[in-house]
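Letters A, B, C and D mark the chains as written, and numbering starts fresh at 1 in each.
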Amino acid sequence: MIRVAVVGATGYAGAELVRILAGHPKVKLEMLTSRQHSGKRFSDIYPSMAGVVDMFCREFEPEMLAASLDLVFLALPHKLPMEIVPSLIKRGLRIVDLSADFRFSDVELYQSHYQRHTCPELLEKSVYGLSEVYARKIKSADIVGNPGCYPTSALLPLIPLIKGGFIETNGIVVDSKSGVSGAGRVPSLTTHHCEVNESFKAYKVTDHRHNPEMDEILSKEAEKRVHVTFVPHLVPMTRGMETTIYASLGKHANQEEIREYIRHFYRGHPFVRLRPAGSSADTLHVKGTNFCDMGVHVDSMANMVVMTSAIDNLVKGAAGQAVQNMNIMFGLDETLGLMAVPFPL
Amino acid sequence: MIRVAVVGATGYAGAELVRILAGHPKVKLEMLTSRQHSGKRFSDIYPSMAGVVDMFCREFEPEMLAASLDLVFLALPHKLPMEIVPSLIKRGLRIVDLSADFRFSDVELYQSHYQRHTCPELLEKSVYGLSEVYARKIKSADIVGNPGCYPTSALLPLIPLIKGGFIETNGIVVDSKSGVSGAGRVPSLTTHHCEVNESFKAYKVTDHRHNPEMDEILSKEAEKRVHVTFVPHLVPMTRGMETTIYASLGKHANQEEIREYIRHFYRGHPFVRLRPAGSSADTLHVKGTNFCDMGVHVDSMANMVVMTSAIDNLVKGAAGQAVQNMNIMFGLDETLGLMAVPFPL
Amino acid sequence: MIRVAVVGATGYAGAELVRILAGHPKVKLEMLTSRQHSGKRFSDIYPSMAGVVDMFCREFEPEMLAASLDLVFLALPHKLPMEIVPSLIKRGLRIVDLSADFRFSDVELYQSHYQRHTCPELLEKSVYGLSEVYARKIKSADIVGNPGCYPTSALLPLIPLIKGGFIETNGIVVDSKSGVSGAGRVPSLTTHHCEVNESFKAYKVTDHRHNPEMDEILSKEAEKRVHVTFVPHLVPMTRGMETTIYASLGKHANQEEIREYIRHFYRGHPFVRLRPAGSSADTLHVKGTNFCDMGVHVDSMANMVVMTSAIDNLVKGAAGQAVQNMNIMFGLDETLGLMAVPFPL
Amino acid sequence: MIRVAVVGATGYAGAELVRILAGHPKVKLEMLTSRQHSGKRFSDIYPSMAGVVDMFCREFEPEMLAASLDLVFLALPHKLPMEIVPSLIKRGLRIVDLSADFRFSDVELYQSHYQRHTCPELLEKSVYGLSEVYARKIKSADIVGNPGCYPTSALLPLIPLIKGGFIETNGIVVDSKSGVSGAGRVPSLTTHHCEVNESFKAYKVTDHRHNPEMDEILSKEAEKRVHVTFVPHLVPMTRGMETTIYASLGKHANQEEIREYIRHFYRGHPFVRLRPAGSSADTLHVKGTNFCDMGVHVDSMANMVVMTSAIDNLVKGAAGQAVQNMNIMFGLDETLGLMAVPFPL
């Protein structure tokens, strides 16, 4: 059994980690921490869990984590993880961090969009946890920087398009739409029901911090500087993220050739599902699952490839991919604990 | 392994049965039937299931079911089940029927609210499948009439109130609210998104066919004629049912005494969860689960007991309770295949 | 023209007042105040109003209101109004207060559910603003205590039932369901989209402060002590309130007799609409309007009257009724400025 | 008074026309027709209108329209309008048609995406009713082809970008998101609440019939062949449409220069509102109104202009713009009957 702790267990991503880990056949959930709710039962905060996960939440103290753990999931706001990761690493723990603190290779890039990085030497050793693409590195990593939800939904379709030479790397457009749970559990006017309901809007247009994250990975894969134009939008729903990608065809290719390439690219990776020809991805089909569904279209009048992808932002976009990375790190089947039969609706 | 078929697999209750059965450790899902979608894969109808349940749906023919099955779930509109159950019984199959056809003891009562019953002799042998209350009879039944969603949400709180003598049996009010999935998958103006969204309304006021179903069971438990005043309402959401019950106190008792009695009444039945004192039941806490949450309140100025209950209408209100009944019929733990960790939201 | 100010203009009820008053043909909107947003344009807070209501919000100072106003609407949290009303009254202003501070006749009752009342002598002079029922007193009132949303939805159907002698006054059940806007604009976990969506639940069961408000009015109308059992519920939608009322028949009467009485009772009051026989009230039909729709049903097996009512909690339940009261106070047609053609959906 | 009829009054666009026209100070609503609901009151179909619009719906017969009408609104499915328009024109009536039948200049283009056009000679005389841009032609037109909702939301931002030379005309991306009311009132699985709720998806990717409509107008304005890559998406909400547009900068320009040009372009057209610098358009801000809100952004790293627009698909995207066109045709202020104060939420 892998002995794990979830630090920041009562935020939405943390709670989703608890859900998955509590049902994982090879995991022993040893500890939950929560600054705000320490001393309370997890099921007091999430009453759906009553009788199922009634563990108490504690205040985080690095010492506690030393003893008998194999891996720690960090589900904290940016900046906090890099303050505690060094001491965890010293104690020999492996880490999957859901914040942005360990996602970047280029410390300057991180610092220009977040803040000063306090352990750049660890950043160098961390691995970007896009499971299907970087499994080999993840396997041996001590620190996995779990990808952002938007980058996950954009990179999984874009990387094969780039590796296959199907698209021009300039002028790529990434138009993403997210359910409200992506904004977390702290109440604000943005997430206030009456302001969300019947509202659809873009936000942080061309100014979202997931943009440099995508750019860095795409540049690495394309072996040249890539910058995508990225606009996130807020959808009046709880879970789910859809991304529509537009890119100029880089060579003559039809829909079926691209589909075939992608199918081959993700062979052996069951969480990527290609929708039937002509169909697009729907958040409802991936709700509560670790799947990333994709659709491929070609606008031949415009010489443009259009791809759609759908994930559950809390699962493949956060907690699910984190557990998938844990599986990979510990040599398990990557789907273990993540293959509950999906809900029909 | 229990070999089962789902007849009517592509309606919402049928699809939910498929979801649960496909993940059940002691079940082999042998056959799915669908009149409308025969010849298609189940995952063509419910793309969330792609790669998970790709079985083909067939047209129903009683002969097919003969061979190598142990139990058949019927998820069909009322009236169809009683037409096919006799031939299934002859073939030695056990049956859980999700329609109203085998719920009533009193054939007259059935006939006055539905239609002529074509196999009253089988109705006599069938057992009402309210799992927590009738487990002993269910165990040996060949035909289980699975309860309606509204009756499930009302009977689980009401039966202990009656058995404990806490309430007067006249003047009971059952005010229920259901998500839209209860209306099934066939499109209509009632379930049209624009007519549902931002709409809350009562329907079939004091005229719903689940009313006599509740009345019959309550009369049996009270050992006298009981009629509740029942009003169902439609909530702009997909899953979930909340019921608020009002009844005059039948003897002096406070909230804690009633809670204690109920806790004892459902001891050993983990799907009934009592909310902490002062809290009421919330559909969000039971979404996707087989739980029935309950809250108890006393309005001492009015000498009135108020109870709230919440279930997922498609799970404890339909497919989940059906599988729970199968577990009981086959001597398994009643929770088997039904205890996935709930979603935090 | 009636010169008015809205104090607390940026909360939801205040903003709805601004919407109605800005389109009222006999009103001059002189001043908006907002503690939180003083110095900003109203349309900065509510961008839907850009180009329509671009007035600046100011900090409230009693002096400003002296000069050239006829009436002040107070849309503030309980307790604040009673602190400022005395000085406004001294300046000769008339007041419609949307809080609970001037709703009660019995100062003790107010104090036992809210806090010490600081101007009980003004409370005595204030009039309860249930427009259809108390128009005559409202006409000459200087202070109108605008009814709560729940009481409005319950009293309009209940008062004719009581006046007509149709029901027993003990054992009345009021089961109400409200959209989330009733909780106001201040973000909290209760109104957080992800906690509201797909959630339906009761809250403050038999413990809501609108309960004594209803009880006091009903006792007055019944000329004896009445206490209703009241349970409010939260519906995942923005606007709208539905109330289902259960009461024992007090005399032999059928649905049509009760309907006829109610129709007559509200003759000349166009905001009360009786639904066709057999139909119930739907929040979608009153969204954005000042209507109160009602349906009447009789459960003859239980000797029970069931009524349903629907209002828009922000309009008839707050700002609309407040303007209706202003119309009455100034001798205008009560519908003036409130009869925009309703939205079909 | 302008005497008008609405043909097809009980669909969503027709009903919205009725709402606006019933409140229009210069309109006399003479006749409503509905094939499906002839003989019923309009308020039987839309109970929100009870007591407000209780007119009876009739079966359409061209003769009836002859007598005493000035203008006919056609809110019918494509193909029906061109069958009846010739006879209406002969009777001297002016027409605003909400279908696609009279939107195209190029009959071949129409025919390749719809069906054979049966009165191409009338198509030649019809005017495309994008009010802000083609007011001069609309003024004297007998037949106005009212724009599609998607084209309205895309053309209003795109035309000034093109006229100002700000963008390259190849590679334009139009990513649109629509509420469900755009799909009309006829129930289907696509609009079934449980399939819409918590679902976000693209549909008819690069294959929607509004694409050639946009292309034709943009080509005319650009004076060269333009084809945009257009992807519509379905949002789980009732009303509202957001469009995000991506285009390569055609000359050096910053956000403020583009904003200034657009502001000037739409001077005197109050229904186009430019959001403050840095802000994007939100459907909630235009719900129930005839406004089109717009935001401008420049991604300078990609040399890309990004614009967002928001309309209410049933108002500016259909019935509102139709009435605006009527106002223009009859020499009235274009805002008449369309300037109700917007709802704050």
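One rule holds in what follows: contacts are C-beta pairs under 8 Å (C-beta built on N, C-alpha and C of every residue); 3 or more make two chains touch, one makes a residue touch a chain.
Just so it is clear, the model here is predicted, and its values are computed rather than measured.
> Touching subunit C and subunit D alike: which chains?
A, B
> Looking at CA centres, what chain is most distant from subunit C?
Chain A.
> With chain centres taken as the means of their Cα atoms, state the distance from subunit B to subunit C in Å.
The computed centroid separation for subunit B versus subunit C comes out at 39 Å.
> Between subunit A and subunit B, what is the gap in Å from one C-alpha centre to the other?
37
> Once you find the CA centre of subunit A and the CA centre of subunit C, what distance in Å lies between them?
Their C-alpha centroids are separated by 46 Å.
> Where in subunit B do residues touch two or more of the other chains?
In subunit B, residues 12, 181, 194, 197-198, 236-239, 282, 284, 287, 345 touch at least two other chains, as defined above.
> Can you list the subunit A residues touching subunit C in their complex?
Those residues of subunit A that touch subunit C are 12, 180-181, 185, 187-189, 191-194, 196-198, 236-238.
> Which residues, counting only subunit A, touch subunit B once they are in their complex?
Its residues touching subunit B are 12, 15-16, 18-20, 22-23, 46-53, 181, 198, 238-239, 270, 273, 275, 279, 282, 284-289, 293, 339-345.
> Under the touch definition given earlier, write down the residues of subunit A that touch subunit D in their complex.
These residues of subunit A touch subunit D: 170-171, 173, 175, 177, 179, 194-195, 197-203, 205-206, 227-229, 231, 233, 235-240, 242, 244, 246, 248, 280-284, 287, 295, 297-299, 301-302, 304, 306, 308, 310, 345.
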